[in-house]
Amino acid sequence: MSVGGGAGGKVTTMHDAVADLVKDGDTVAIEGFTHLICFAAGHEIIRQGKRDLTLCRMTPDVIYDQMIAAGVASKLVFSWLGNPGVGSLHAIRRRVERSDPAPLELEEYSHFGMVSRYTAGASGLPFMPLRSYHSSDLPKVNPRIVELESPYGDGTVYAVPPLNPDLSIVHVQRADKDGNCHVWGFLGCQKEAAFAARKVIVVCEELVNGRVIRSDPNRTIIPGLVVDAVVAEPRACHPSFAQGYYDRDNRFYVAWDPISRDPAKLDAWLEEWVYGLATHNDYLAKMGTEAWDRLTPEQCLSEPVDYGAYSPG
Amino acid sequence: MSVGGGAGGKVTTMHDAVADLVKDGDTVAIEGFTHLICFAAGHEIIRQGKRDLTLCRMTPDVIYDQMIAAGVASKLVFSWLGNPGVGSLHAIRRRVERSDPAPLELEEYSHFGMVSRYTAGASGLPFMPLRSYHSSDLPKVNPRIVELESPYGDGTVYAVPPLNPDLSIVHVQRADKDGNCHVWGFLGCQKEAAFAARKVIVVCEELVNGRVIRSDPNRTIIPGLVVDAVVAEPRACHPSFAQGYYDRDNRFYVAWDPISRDPAKLDAWLEEWVYGLATHNDYLAKMGTEAWDRLTPEQCLSEPVDYGAYSPG
Amino acid sequence: MSANPAEYSVNEMMIAASARQLEGERVCFVGIGPPNIACNLARRTVTPALELVYEAGVYGADPQRLPLSIGDPTLVTGAVSVTSMFEIFSFYLQRGLIDVAFLGASQIDRFGNINTTVVGGYDKPKVRLPGSGGACEISINANRVFVIMPQTRRSFVEEVDFVTSPGHLAGKRPAEWLGGGPYVVVTGLGVYRFGDDGVMYLSRMHPGVTVEQVQANTGWDMRVSPDLVATDPPSELELNLMRNELDPEGVYTR
Amino acid sequence: MSANPAEYSVNEMMIAASARQLEGERVCFVGIGPPNIACNLARRTVTPALELVYEAGVYGADPQRLPLSIGDPTLVTGAVSVTSMFEIFSFYLQRGLIDVAFLGASQIDRFGNINTTVVGGYDKPKVRLPGSGGACEISINANRVFVIMPQTRRSFVEEVDFVTSPGHLAGKRPAEWLGGGPYVVVTGLGVYRFGDDGVMYLSRMHPGVTVEQVQANTGWDMRVSPDLVATDPPSELELNLMRNELDPEGVYTR
C-alpha cells in the first residue's frame, strides 16, 4: 500500500493506485470530456481483472468500449454513447442490443443531467434542479429523473440526484506530490467528479513542485484535500489529448471502428495492447515515436498575471 | 449615448456609463468581496443624484455607507453589514435603527444565500437549494427563504429565489474593448452577478488587446456577451484593492469610522471627495501619490501555461 | 482545387443551405458533425461575427483548423472563454443566451420532436443510438433550434420511437419553457419551417428535387408552402471552403 | 520585543486558549477578527499543517503577514487554490470537508445558539449587528464549530434576541444536518464544552478567574465540570507571536 501522505506525498504507480483503490463492485468514474481521458487507467483496470464495476462517464468513449468489452463492468451511467466524430461503440452496442456476451444495465441522462449529478454530489446537495427533460421520454425510462415544483409557484423544473462515485480518476496537466492540480483547456466535469467522489486518483502529465501550483492559485481546479493518490504518467490519455501537450490521435479513433465491430479483432487488440503489456511505458515504447511528432503542437503560452507579493509592511 | 458595439467596442466613460445605464428605482449590484469593489462607480452614482435604488451586495461596505448616506437608495439586499476589520457602517445603522433621516428597507440573507441567489439568477433557475437556515430566525424575517422537501424523500433543504439585478457593476483587472474580462485573486461573485444582471458595466484596471484575453481563455471570468459598457478607470477600487495592482488602504477604512459616526462630518466628506470632484481622476489627483507608494506590491508572476497551437496538420 | 458549382453532393447542398440560415444570428451552440461544418462555413460567409459556443465549455472559439470533434483543442487556443460544462449549460444555455442551436436527428416527426436514443424499444433496441448528449436541454432552452439531418422515410416518421428532445409536442409548447423550439429543418431535399400550429411544412426545395420526391421520403403527409421557393445551389465560394478548408477529407460533405 | 509571560491581556489569553483547541485539526474555516489570529497562531504552534479556508474563496492560504481582513490579498498570493465563493460554500463547506470552523458571537445561549443580527427586535433594533455572513450555513455544515467571544451577562444570555446560527437548539440537532454543531466556546474567562444534552458547561478556567466570576458573567445557571481544570497562561512563544507578528498593533489582542 503506497497511497497516502508522507514525505513523498501521495505519489504512487498506476499499478498500486488501481490495486489499492478499485474494488470489485465499485462505482467508478473516469471523466474528461474528449480532453484528458485517462486511457492508461482504464487499461490498468482491465489488466487487473476488476469486475462488476458501475462505470460512469458523460461520454462513454473508446476507453469504455475497451473496458466493457473486457468484462469489467455490469452497469453504465452516461449521457452520450459513441465514438466521437466516427460512429458507434460496437462492444457496448452488442451488450445493449443483444446481451452479447452479457447484458449491460444502463442508467441514462442528458449531459446537463450528468454534470448536474456530479455537481450535486460535489456540493453535498440531495438534488440539483435543471430546466430539461420536459416532455422527453428520458424520465419514463429513468425514474431517478423527477419533476419538481418551484417553491415560488412559477412552474416546474426537473431534479437529478447526486452522483458520488466510490472512485473518480481524473487526468490533469500538472499536479504536485500532494495532489494539488492545475488544469487548462476543456475542464469538462473534472472538478465536480473529483469533489463528488469518495476517493480520487489524479494522473498527471507533469509532477511539479508545489511552488508552481501556488504561483497561480486560480488555476487550481482540484485541491490535494480530496485526492488519495497521484500518478505521474505522461501521455496517459492517448488517443485522447492533453491541451498544450499533445493532440487527439484521430487516426486511432477511426481505426477503432472496425476493431470494435469484430469481437475477435477486439480481443486480439486487448491481448496485444493491454494484457500483453505491463505498464503504460510499455504501451508508449510499442507505439514508437512517429505518432508523437505528428501530435505535438507548437508552443502557445498564456500571458502571465501578477498576483503581487504582500509581505509585512 | 456612447455604450454599445462598434469599432471602439463598448468603451465609454464612467459618467456616460452611469448616466445611460442607471435609472432611478433600479436594482443595482456593485459586487466584489473585499476585492475589486468599484468605489469610483458608487461615487459617480452619488454625483448624478440617482434615487430610490435597491442596492444589492453581499457585504455592504464603506461604499454603500457612502451611497446610502447620500440618499441614493431606499432598500438594501445583503448578507453581512459592516466595515470589515473595523466595525459598523454608521450611516446605514442610523437609517435602520432610527429611520434617520429616512427608513431603509432591508432584505437579508446569509452569504451562501446571496451567492446562491446570484447563481440562480445567472443560471436561469427559479430557485437554488442549499443546506442552511434550518432553525435560524432568518426565514422568519425574510419570507423569500423557504423550506423545500427533497424529491427523493431524504429530508429538507432551503431555497432562495434568483437575484437578477437591473444592473451589475463589476470591477476587473483586465478587459478588452468588447468587455471580455480576466480576473484573478478573490473571485467573489463577480461572474454570477454579471451573468445574472440585465445590464452590466465592467470597470477595468487595464484595457488590453483582445489577444491578451484570448491567450488564456480559462482566465476569462466574464465574456463580453453579457457586458454593455467598458470603463477603463485604474485605481477605481481605492480604498478596496486589486490583486497585483494595489493593496487595501486600511488606514482609510479605519479613518471612515469617526466620519461615518457623525452625519455632519460625513456630509463634509461627500462634499469634498465626491460632489466637489468631477471624475475619479480628480479624486486620484487630490489623493496625491504618497499612498500609492505604500499600497503598490512587488511583482509576483504566475507561471505561464502552454495552450499549444493547433493549426491545419 | 477550384470547385465547379455545377457538381456538388447532397450533403454539400444540405450544409450550404444550413449555413445560410445563420445569417443575422449572433450566438450559436454548435453540435458535432454537419452542424460543426455549417457553423464554420457561416462564419466564413454570411455571418463573420457569429460567436461559436461548444458544450465542451467554449464561448467565442476561433478554430484555426476544422475541429475534428466538438472537443478539439483548436477550439480552446485563442478562444474568448473556456469554462466548465456545468457553467456552459447553466450560465449560457439555461440563462437564455443561446440564439440558435444546431441539432442532428435520427428520427423527427411533424412537430419537430427528435429521437437520437433508440430505434425500436428502449429495453431491447434494434439500434442503440448515442442518446441525448446536450440535445434534450438544448431543445428546451435555446431560443431557436435548427435541425440538420438526412431525409428518408426512416428518419421523417409518423411517430418517433423515443422522444429524446421535445419539439412542438403535439402542437404547443408550455409558455414556461425558455426556448421557442424547432425553427427550421434542413435536409438533403429541402428546407422546412413550422406553422403556428407547430406543424412542419416544406419552405424551400433544393435544385432538382420534386415535391413527389419529398413526399416519398416523408412518413406523413408533408404540407407544402404556397410560397415554395427553390434553394440556390452551393456557390463556388461555399464549395471551395467546404472542400479545401472545412472538410478536405470529405468526411461529412461527400 | 520579548514578552513577559506574567503580563498578558484577557484577549491574549482568549486567543491563545483558542489556538490550542486546534491541535490535531486539519481543515479550518477561518472567520474575521480574533478567529483569524487564533488560527494563524495555531499554525505557528500546535498545528503547522492546518489548512486555512477563507469564505472569500481561498483554500490552503499561506499568508506572509497577518491578514487585515478575511479578504486580504496576502491570503491569495501563494495559496493552494482560489475559487468563487459559491464553490467554497458548496464544494468545501456543504460537501462536509470542513473539520472545524471558528465563529464569533454577540449573544449565545446555553445550547450554543448564536445571535449576530440584532439586539432588540428585528424591525426596530436597539443595535443593528452585522448579520449572518457565512455563519448560519457554517453552524449547520461544519463538522465542529468553535466559538470565540468576550463573556458578559449581555453576551451569555438566557435567550438570544435572534437566532442567526443554530447551535444545539433546545438540546438536539436533527440527524440530517451535516455538522455536529458547537463543540467548544472560548471566552476571556474560560473554555466551555457541551454535554450530551447539548447544554454548555465550564470545562477549563483561565488563571485568576473564579467560578463566581463565571456565574456573574452568565445569564443562566452555568454548569461546571466536576473535572474542571485551569488553563495554562499564554506562553512566551504565544505572546511573542501575537505581539510581534500576528497583531503588532494590538487591534484584537490588547
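The first chain written gets the first letter, and so on, giving A, B, C and D; residue counts start at 1 in each chain.
Please note the rule applied: contacts are C-beta pairs under 8 Å (C-beta built on N, C-alpha and C of every residue); 3 or more make two chains touch, one makes a residue touch a chain.
Predicted model, so just to flag it, every value in this text is computed and none were measured.
Q: As a test of understanding: of all chains, whose mean C-alpha position lies farthest from that of chain D?
A: Checked the centroid distances; the maximum from chain D is C.
Q: Let me have the rounded angstrom distance from the C-alpha centre of chain A over to the C-alpha centre of chain B, please.
A: A distance of 37 Å separates the two centres.
Q: Between chain B and chain C, what is the separation of their C-alpha centroids in Å?
A: Comparing mean C-alpha positions, chain C is 40 Å from chain B.
Q: Averaged over CA atoms, how far is the centre of chain C from the centre of chain D? Could you give it in whole Å?
A: 58
Q: At which residue positions does chain A touch at least two other chains?
A: Residues 124-125, 130-131, 154-155, 184-185, 187, 191, 215, 218, 243, 247, 297, 300, 307-311, 313 of chain A each touch two or more of the other chains.
Q: Please output the residue numbers of chain D that touch at least 2 other chains, ranges allowed.
A: Where chain D meets two or more other chains at a single residue, that happens at 58, 72-73, 76-77, 82-83, 94, 141, 178.
Q: Could you tell me which shape the graph of touching chains takes: line, ring, star, complete or other?
A: Contact map by chain: other.
Q: Please list, in label order, each pair of chains that touches.
A: A-B, A-C, A-D, B-C, B-D
Q: Write out the stretch or stretches of chain A touching chain D in their complex.
A: Touching chain D: residues 122-125, 180, 191, 195, 213-215, 217-218, 220, 223-226, 307-313 of chain A.
Q: Applying the document's contact rule, which stretches of chain B touch chain A when the two form their complex?
A: So the residues of chain B in touch with chain A come to 124-131, 146, 148, 150-152, 154-155, 157, 159, 161, 173, 182, 184-185, 187, 212, 215-216, 218-219, 243-245, 247, 294, 297-311, 313.
Q: Sort out for me which residues of chain B touch chain D in the complex.
A: 33-35, 58-59, 78-82, 84-85, 88, 92-93, 96-97, 108-113, 115-116, 118-119, 130-138, 141, 154-156, 184-189, 191-192, 241, 243, 247-248, 250, 297, 300
Q: Which of the residues in chain D end up touching chain A in this complex?
A: These residues of chain D touch chain A: 27, 51, 58-60, 62, 64-65, 72-74, 76-83, 90-91, 94-97, 141, 178.
Q: How about chain D: which of its residues touch chain B in the complex?
A: That would be residues 32-33, 55-58, 68-73, 76-77, 82-86, 89, 93-94, 117, 122, 124-137, 140-141, 162-166, 169, 174, 176-178, 251 of chain D.
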